[in-house]
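Down below are the structures I want you to see.
Each of the next two complexes has subunit A plus one more chain, namely subunit B in the first and subunit C in the second.
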Partner chain A sequence: MLDPLLVAAGALLQPQNILLIAGGSLMGLIFGLLPGLTSLAAMSILLPFTIGLPPISAMYLFIGIMGSAPFGGAVTSILFNIPGEPTSAASCFDGYPMTRRGEAAKALGLAAAAALFGALFGLVVLIGLIPMVRAIVYAFGPPEFFMLLMFGLATVAIAAPGNTLKGLVTAGLGILLSVIGYDPITGVLRFGFGSANYLWDGINLPAFFVGVFAVGEVIGYYVTGGTIMRAGVKMQGVWRGTIEGFRELFRHVRVTIQGSVVGSIIGILPGVGGTVSNFLSYTLAMQTSKHPETFGKGNPEGLIAAMTATNEDTGALLPTVAFGIPGSAATALLLGALTLHGFNPGPLFITEHMDIVWALILGLLIANVVAITVGLAGANMLAKLTTLDVKFLVPTILAISLLGAYADRENLWDVALAIASGVLAYGLTRFGFPIVTLVIGFVMGRIAERAFSQSLQMELDPLIFFKRPVSLALFAMIVIVFLVPLVRRLMARRRA
Partner chain B sequence: MSGRLIFNLMLLAVAAYFVWAATGYDLQGRRIPIMIGIIVLMLQAWVTFQELLKPVTEPPLLEGAEELPPDEGRRVAVMTAWMVGFFALFTVFGTLIATALFIFLFLVAARALRWWGALGIALGLSAAIWIVFVKALRFELYPGLLFGGTLPAL
Partner chain C sequence: MRKLRVACAAFAAMPALVLGLLTGEARAAFPEKDIIWIVPYAAGGGFDAWSRQIGAAMQKYLPKGITVQVRNVTGAGGRTGAIALYRAKPDGYTIGLLDVAGLLPYQKAVSADKAGYDLEKFVWVGRVATEPWVVLASAKSPIKTFADLKARKDLSWGIEGPGSTKWLFSIIEARGMGLPMRFVSGYGGTGEMIPASLRGDFDIWTNAGPAHIPYVKSGELTAIFQLGATRMAAFKDVPTAKELGFDMVGEILRLVAAPPGTPPDVVKTLEGAFLKAMNDPDFKAWVEKSQQEANPGDQKAATEATANFSRLIEKHMSEIGEVLRKQ
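And now, the complex of A and B:
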């Protein structure tokens, strides 16, 4: 166990590898910051150039990108409500309202601390769970996963900020929008609205996010005028705010650990994706909070939940190295890189190439530290833009956001989709419908439908969800989620 | 008819469309959309009914203390027109020219800056996009219909 660690650590001290990991981290940070360009794009661009590198160096480069992108994505989410990466969208909900009340530095510090904690936690889980990964992966089949998503949706429905009824409507609307496109089971295009090609893969997630978060907000700026930071609010000092943000993390230990656990577990489950883990973590934090009504209004717990769960790529490393099954899109690319360098990830890989596994672990740790140090310095300069008149920001943010919508898959119609989603989001916000539930319904809807169909294909019995222990336990949790508010209300009445 | 009511009716129509369209698919394809669609339809009908009976006061646009301007509807329409305009410029002239033109026209129209200041910002941002996306990242920006771009299939 120690020899491979020493090999990986020794490699890390070589100047070439230090440069590679720092370069990878910076690239991940920049790609994370730019809407529409994700860490996946950065890894894809660099993949062919790594062929001549020693395998361990190539892994340091890739893991640098993977480790730093989540914080990069969170910076624009917090400052401008533009998710740099789909996985950072959940940090818009509470990070951006904090910026509006002059707490940008605190929000950035908190996001950095939460991301770092999540990554560290994920690494401990990764090291600890390597021997148990098989059991965990096998315990979660489609029925369990369906129940897990239902649990997430149930928590949203109950804890939606504002009007619960309207929250349910937008959650349902999000699910309906998510099923647009070809049905993975029957292969038929559903709800094409006359489009036979564009909507085949469904509504493009990054373009939809750009629309809902950035374009909707830009319309709001134009209507209300002023500055992003509210009038009369004094901007918090950079260092004071950042330190306060770091301190804030330790005031919310439960949410911090909860988010890290959710991110790690969801990361282990192959094919689920980081966006789901962030939203699940957020909904869980909302449900378990004493003040769910403050979520979406700048509650630090919401930001912690969203950021700690960005460690899903750490969890996703487990099935990737242990079985050769990538847990996320980023680890799928990493798997490609490992194969390109002559490795065959699977059970034997862990025993024969533990030095590479350690390189990935150490690399993730360093990448997070680099991203947070460089990112915080740069982001706090960007934060000053929030005091500018929105007259200057509206055209600039709009142009960059819409370019981001286009950049994801270079499709012109994604720009139109982002504009339409923005107008819809503005209307929903304007008339009291929560956006949080729309986005969560959208993210989870399609995956839940697929898991539901797969479960019924496994056994042509709808009771399959109640026959398996993990699935049944999750169902019990859903029932509890619905019962808790009722019990709370009854107890409050008794007290009154 | 108020904007609020129109918006609520529009949501109702969207849910109704999903339910109606889903009836045309086979059992596996329609199960979830019909189930969710009917729930949304019922809930939205109730929301609309409630708001018809007892119109609630307008909530603030964004959480906080902003007051909405009296000409909000006009401003939303103008902003939407700007966005549609940007999309048209993007389609015809491509990313770089559209970005420069849009920012310049917007800043001049909003009287945020004099024309030369607006031109500086517009050209500066376009140049930054070109350097980052084209030169550094080797990303292919949309060239525009006038310069060899094509409309992707719908």
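And now, the complex of A and C:
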């Protein structure tokens, strides 16, 4: 166990590898920051260039990108309400209101601390849980997935407090939008609208997010004017804010651990990506909170839940190294890099190539440190932009965002999609329809449907959801979540 | 009159002559610039890894300074890249690695015109690998042998979705061997299907063999039978469909192609460098280390393999075509 660790640590001391990991982390931050451009894109771009490198160096480069992207993505979520990565979308909901209150430094510090905690937690899980990966993967089949997603979707009922009907409307709209495209169960194209092939793979998520968040928000800026930070609010000092943010994390131990667990587990499960994990963690925090109505208004718990769950890629490393099964898109690419370098990742990988595993673990640690030091310093400089008149921000953000929407697949229709969904999002917000539920519906709808169909195909028995222990337990949880507020209300009435 | 006719003939022959001289010159120099190698799938996949390793090895056997540049042209399940290669200038400076099993059924279903490429018109350079299809079950499942399959009245097959190659081969295997078949579908790829198979989402599934060597070796998956012409070295104890009494061969064909109309002597140069690359010690070391199985073949072998697969597809076209035309 220790020899490989020495090999990996020794490799880390070579200047070339230090440069690679630092370069990777910076690239992860930048690609994380830019909406539409994801860390995945950074990795695909760099993959061919690693062919001449020793495998361990290539791993340092990639893990650098993977480790720093979550924080990079959160920076724009918090400052401008525009997620840099799909996985940091849920950080908008509470991070952005904090910025508007003048607490940008605190929100950034909190996000950094939460991301770091999530990653460390993920690493402990990674090292400690290797023997249990299989048990977790086997316990979650399609019926369990379905119940898990239903649990997330059920939050819609409380995600728009006082506004449940409008919340349900946008959630339904989100689900409808998510099923567009070629249906993997029946092979039928749904809502193709005669497009030659643009809609075959469904609505492109990165472009859709750029639209709903960035374009929608920019229209809002343009219409209201002023500055992002509300007028008359004093901006908090960077140092005080950062330290306060770090402290805030320890005031919410339960949510912190809960989010880290959700991220790790979703990471381990193949087929459910990081976008789902941060929304699932967010909705879970909301459901278990005593004051769900404060979510979306700058509740630090919401930000913690969203950020800790970005450790999904750390969790995803586990099945990747333990049996060559990638738990996420980024780790799938990592696996491709391993193949390119002459490995055949499979069940024996971890015993034969422990040095690579250690390199990934060490690399992840360093990448997180780089992301937080460099990232926080840079982010606080960006934070000053929130005091700028939005007439300067609107064209800049619009240009960067639309470029990002284009760059993802180099498809001009994606730009049109981003603009159209931006207009839709602005319209919805203007008339009080919540965007949160739209996005939750969109992210969870399609995979929930897929899991439902798969469950039915498995045994040809509609009762399958209630015949498997884990699925049944999840169902019981949904019932409890719905009953608790009712019971509370009844108790309160009796007391009165 | 006669003079005129001769003059006409000479005049008509001129461009051909000039062209001949020009191309003669070009041929003598081929290759004089970098060669672009199209991969129809994203960086990080099997096709990409093969292409980059072969490309690097080929450079050693091409004139000094000529590099082989791999380009990922992705989209539409590999069809975008195939179309790009089909329409490229046939001068030998654009070649690519194609997945014949993935491309041919669609072409046959919708016609070459609509597909945008015609696999039978590509000029083949050589064969990289043939990966026999294998039928797999979880080791925990009671299904161990072909007889166990035959005894079943109901058999669920895991696939990604209608139109995928796993779907295609499931149909070919089940119909060709008289096995029951219903699908559990919607998986995102082999990476998702391995754990799905291990936890028992479906009874069996089929995929190209080499990716599963580690799992069969570690005793987590059982290989029930294989569809190669001969047994894979890693699966020596697993019978082939032929040995079970069925005249069928199913293999993933990774073939190197050049656009239709590429001049024969240019192809010859490429074929030479390609075959030497496949024998290169560094390349072979990579194949061994990554537990792949190469099956190098020349131009003739590649052309024949395409024709054979074409016949297999035509046999099952009525079932396959229905779904593919809908896409």
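Convention: the second predicted complex is superposed on the first by the 491 of 496 C-alpha atoms of A that agree within 3 Å, B and C clash if a C-alpha of one lies under 4 Å from a C-alpha of the other, contacts with A are read in each partner's own complex, and residues count from 1 in each chain.
Here is the rule we use: a residue touches a chain if its C-beta (ideal position, glycine included) is under 8 Å from a C-beta of that chain, and two chains touch if they have at least 3 such contacts.
The structure presented is a predicted model; accordingly, all values stated were derived computationally and were not measured.
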{"item": "Which superposed partner A:Arg430 touches (first subunit B, second subunit C, both, neither)", "value": "first"}
{"item": "First, second, both or neither for A:Thr186, with subunit B first and subunit C second", "value": "both"}
{"item": "Contacts of A:Val215 with subunit B and subunit C, given as first, second, both or neither", "value": "first"}
{"item": "Touching partner for A:Val223 - first (subunit B), second (subunit C), both, neither", "value": "first"}
{"item": "Contacts of A:Ala407 with subunit B and subunit C, given as first, second, both or neither", "value": "first"}
{"item": "Which superposed partner A:Leu26 touches (first subunit B, second subunit C, both, neither)", "value": "neither"}
{"item": "Contacts of A:Leu333 with subunit B and subunit C, given as first, second, both or neither", "value": "second"}
{"item": "Comparison of subunit B and subunit C by subunit A residues contacted", "value": "B"}
{"item": "A:Ala104 touches, of subunit B and subunit C: first, second, both or neither?", "value": "neither"}
{"item": "First, second, both or neither for A:Ser453, with subunit B first and subunit C second", "value": "both"}
{"item": "Residues on subunit A lying within both footprints (that of subunit B and that of subunit C)", "value": "183, 185-186, 188, 197, 453"}
{"item": "Residues of subunit C touching subunit A in the complex", "value": "42-46, 48-49, 52-53, 56, 70, 76, 156, 160-163, 182-188, 191-192, 194-196, 198-202, 213-215, 217-218, 220, 285-286, 289-292, 323, 326-327"}
{"item": "In the complex with subunit A, residue positions of subunit B that touch it", "value": "3-4, 7-8, 11, 14-15, 18, 21-22, 25-26, 28-29, 31-33, 36-37, 39-40, 43-44, 46-47, 56, 59, 61-66, 68-69, 72, 75-76, 78-80, 82-84, 86-87, 90-91, 95, 99, 102-103, 106-107, 110, 112-113, 121, 125, 129, 132-133, 137-142, 149, 151-154"}
{"item": "Subunit B partner contacts - residues on subunit A that touch it in the complex", "value": "34, 37, 41, 45, 97, 100-101, 163, 165-166, 168-169, 172-173, 175-176, 179, 183, 185-186, 188, 190-191, 194-198, 215, 218-220, 222-226, 230, 296-298, 389, 391-392, 394-396, 398-400, 402-403, 406-407, 410-413, 415-416, 419, 422-423, 426-427, 429-433, 445, 448-449, 452-453"}
{"item": "Residue ranges of subunit A touching subunit C (in the complex, touch as defined)", "value": "44, 47-48, 51, 134, 137-139, 141-142, 182-189, 197, 200, 270-271, 319, 323-326, 332-333, 335-337, 339-340, 342-349, 450, 453-454, 457-458"}
